[in-house]
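Some structures are shown below for you to check.
Paired with chain B in one complex and with chain C in the other, chain A is shared by the two complexes that follow.
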Partner chain A sequence: MKGFKVLLKKEICEIIRNKRLMILMAIFVLVGIMNPTIAKLTPKLYELMSEDFAEQGITVSAVKVTAMDSWSQFVKNVPTVLIVLLIMFSGIYTTEYSKGTLIPLLTKGLSRSSVVLSKLAVMLLVWSIGICLCFEITYFYSDFYWDNSVVSKLFFAAFCWWLFGVFMISCIVFFSSFAGSGIQVMLGTGAVYFSMTLIGMYNKAKEYLPVRITDSVSLYKGEYEPKDYFGAVIVTAMLSFVFVLVSLPITHKRQI
Partner chain B sequence: MNENIKEYLPLLIPLIIAQFSLLGYTIYHILKHDNYKRGNRVLWLVVAIIGMQFIGPIIYFIFGKEDE
Partner chain C sequence: MNVLEVKEIKKSFGSKKVLDGVSFSVPDNCIFGFIGRNGAGKTTTMRAILGLLKTDGGEINVCGERARYGCTPKSGCIGYLPDVPEFYGYMNAHEYLKLCGEISGMGSSELKTRISELLELVGLDKEKHRIKGYSRGMKQRLGIAQAMINRPKLLICDEPTSALDPVGRKDILDIISAAKEQTSVVFSTHILSDVERICSCVAFLEGGKTAFSGSLEEIRAVRGNTALELTIVEPNDIERISSAFPDGRVNDGKFILPQASEKDCADLMAFLSAQMIPIARLERREADLEDLFMEVIGK
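Right, the complex of A and B next:
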């Protein structure tokens, strides 16, 4: 436990000093502001393009923007931020293993589990704070310009996105326990996502896959209820837990 | 047009503040450090200023900043 606390401090110090925290937070805030901005500018863009459309024989009627547009931008942009976060953190374990900077600590009796868990805690912390920030800003502006009440289950949808991020982070932890470099970790995590999309083509499996919880738009429109997602939510939480749990013994056997 | 701009101000002001503070910090960081992962000072200044809409500073901190 003591080792965990010390390492956690070290990790937080590290992401502050190498400016990763600053960049990620800037991206989260930027995306949070951009979601309503793009929704707000949509009618203006149509107006600008309406002459071109008219030449081609397409008439554009007045577009009415609601909070729904702002939130569908949110759903569109969060995956991009998640990918940036995953790329930034893909080497968090493997670079330290390959550089050998952990050897002095491990030989002095620091447990390997605390290494794994402290890095996991930092990633979870950054992701949680970031998505909260992004959600809050989008929420505030959407409420300011339009009315959030037309969009249903906002908080549950945001929770689903958070959980999906946690799942992807646990994939990083799992692949880092045996992969040699950050690129391998990235490929593994990408393969997990890709195979999930492939399996998702079968309708029966679809309801229990983690990708399912990223379908927020149908939730916003009220086509699905939160109870339709519970299977997928439980599977995602369990899988994340198992990934982290399995990575502990593998890391113990790993040659550093 | 004036009314239109007023309507967008709550969105634009935070964006502009964030943009310029990030740009300012990036230029400060570039000028303070002599060595970069790749490229030189002039290149990174140009990148940061041309891509000042967030892209330049982010590219600098990911690809240009030296690991200490």
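Right, the complex of A and C next:
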């Protein structure tokens, strides 16, 4: 436990000093501002382009923007930020293993579990703070310009996105326990995502797949209720837990 | 008492047998030179001692405790300096040592004094920059400091001087000599002059086995007889000397009489004077580690 605390402090110092935290937070804030801004500018853009449309024979009637448009942007942009975060953290374990920076610490009695868990903790921390910031900024502006009440289950949808991020982070932890480089970790994590999408296309298991919880628009529109997502939420949480749990003994056996 | 005992350890990587029964022991307060060619298995042995590598057989005892793969021997027992130490470039030396000390479970007041003590010992006390700007020699010195932070009973240094300039090498050797007061040191190298300078015991690793192990005195006793090296003025005389002393050999225009006793020396001088052979130089050469090393590796 002591090793975990010391290492967590080191990990936080690392992301601050190598500017990773600053870049990620800037992206989260930027996206948070962008969501309502794009929604707000949509009518203006249509207006600017209406002449072109008119030449092509398309008439553009006045577009009415609501908070729903702002939140649709949120759902479109959060995956991009998540991908950036995953890419930035894909090498968090493997670079330490390959460079040998952990060896002096391990020979001083640091447990490998502390290494796995402290890095997981810092990734979860960044993701949680980031998505909260992004959500709050979008929430504030959407409410300021329009009215958030037209969009239902906002908080539950945000929770689902957070959980999905946790799942993807646990994939990084799992693949890092045996992969040799950050690229391999990234490929593994990507493969998990694509196989889930493929299974979801042809199979009735779709309701229980982690990708299911990223369908926020249906929630916003009230087409689905949170109870329709519970199966997928439980599966996602369980899978994340299992991935982290399995990575501990594998890392323990790993040659460093 | 022995701080480290290595018994018959074996390790293969695929079909390549790297260690095939390496055994040696390191007594308390001794600087132990672990000598072998590049690729002889020195690093592999050290990593096995540290529990970073799984061996195929044999036993390793560190401070009386059996070392196992994946488990570092009990905290505070071993300090390790890797051959190319890698640190977190965004920290400075003080911060890095603090991290190491905290992981070893040292209290903050003890750690504070220990860090300033060590930074002074390795000459980094005035260095305020981050580690990413350090030279190789500075990294080696920081490496020694981190290895000694928790006052280990055994300090393992993997080729600490191999890539350093003469000044850096001297510094590192001086630091290791000073460390002897507090700990035993295992020091792997292929630079024999370093071993002669600071080690009191040595082991030669060749062909995956310990070819020789003992104290420097024991080695000198084994190789007690010195060689005579004769340089003559007239190259033509060399044949006359060779026929009179069939044990000798000619090397590079010089006549060498290996393992020559006092009597051999007197005989040679009497022969030279009787035959009126003019000489440029006659030298008694102490058998050194290099001779032994060459003999061990069969060259």
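We take it that the second predicted complex is superposed on the first by the 255 of 256 C-alpha atoms of A that agree within 3 Å, B and C clash if a C-alpha of one lies under 4 Å from a C-alpha of the other, contacts with A are read in each partner's own complex, and residues count from 1 in each chain.
Rule of thumb we're sticking to: contacts are C-beta pairs under 8 Å (C-beta built on N, C-alpha and C of every residue); 3 or more make two chains touch, one makes a residue touch a chain.
Computed from a prediction, not measured in an experiment: that's the story for all the values here.
With both structures placed on the common chain, the touch criterion links A:K99 to chain C but leaves chain B unconnected. Within the superposed three-chain arrangement, the count of touched residues of chain A is higher for C, of the candidates chain B and chain C.
By the document's definition of touching, of the two partners only chain C reaches A:K253; chain B does not.
Of the two partner chains placed around the shared chain by superposition, chain B is the only one that A:L30 touches, whereas chain C remains out of contact. In the superposed model, A:K108 makes contact with chain C only, not with chain B.
Residue contacts after overlaying the shared chain place A:K76 against neither chain B nor chain C. Of the two partner chains, chain C is the only one touched by A:V6; chain B is not. Once the two complexes are overlaid on the shared chain, A:R17 sits against chain B and chain C alike. Contacts of A:K40 after superposition on the shared chain: chain B is touched, whereas chain C is not.
Shared contact residues of chain A, touching chain B in one structure and chain C in the other: 17-18.
Note for the complex: chain C touches chain A at residues 50, 52-54, 70, 72, 74-76, 78-80, 82, 84-88, 90-91, 95, 99-100, 102-105, 143, 146-147, 149-150. Residues of chain A touching chain B in their complex: 17-19, 22-23, 26-27, 29-30, 33, 36-37, 40, 88, 141, 144. If you check the complex, the residues on chain B that touch chain A are 8, 10-11, 14-15, 18, 22, 54, 58, 61-62, 65, 67-68.
Contact residues of chain A toward chain C in the complex are 2-3, 6-7, 10, 13-14, 17-18, 99-101, 103-110, 112, 252-253, 255-256.
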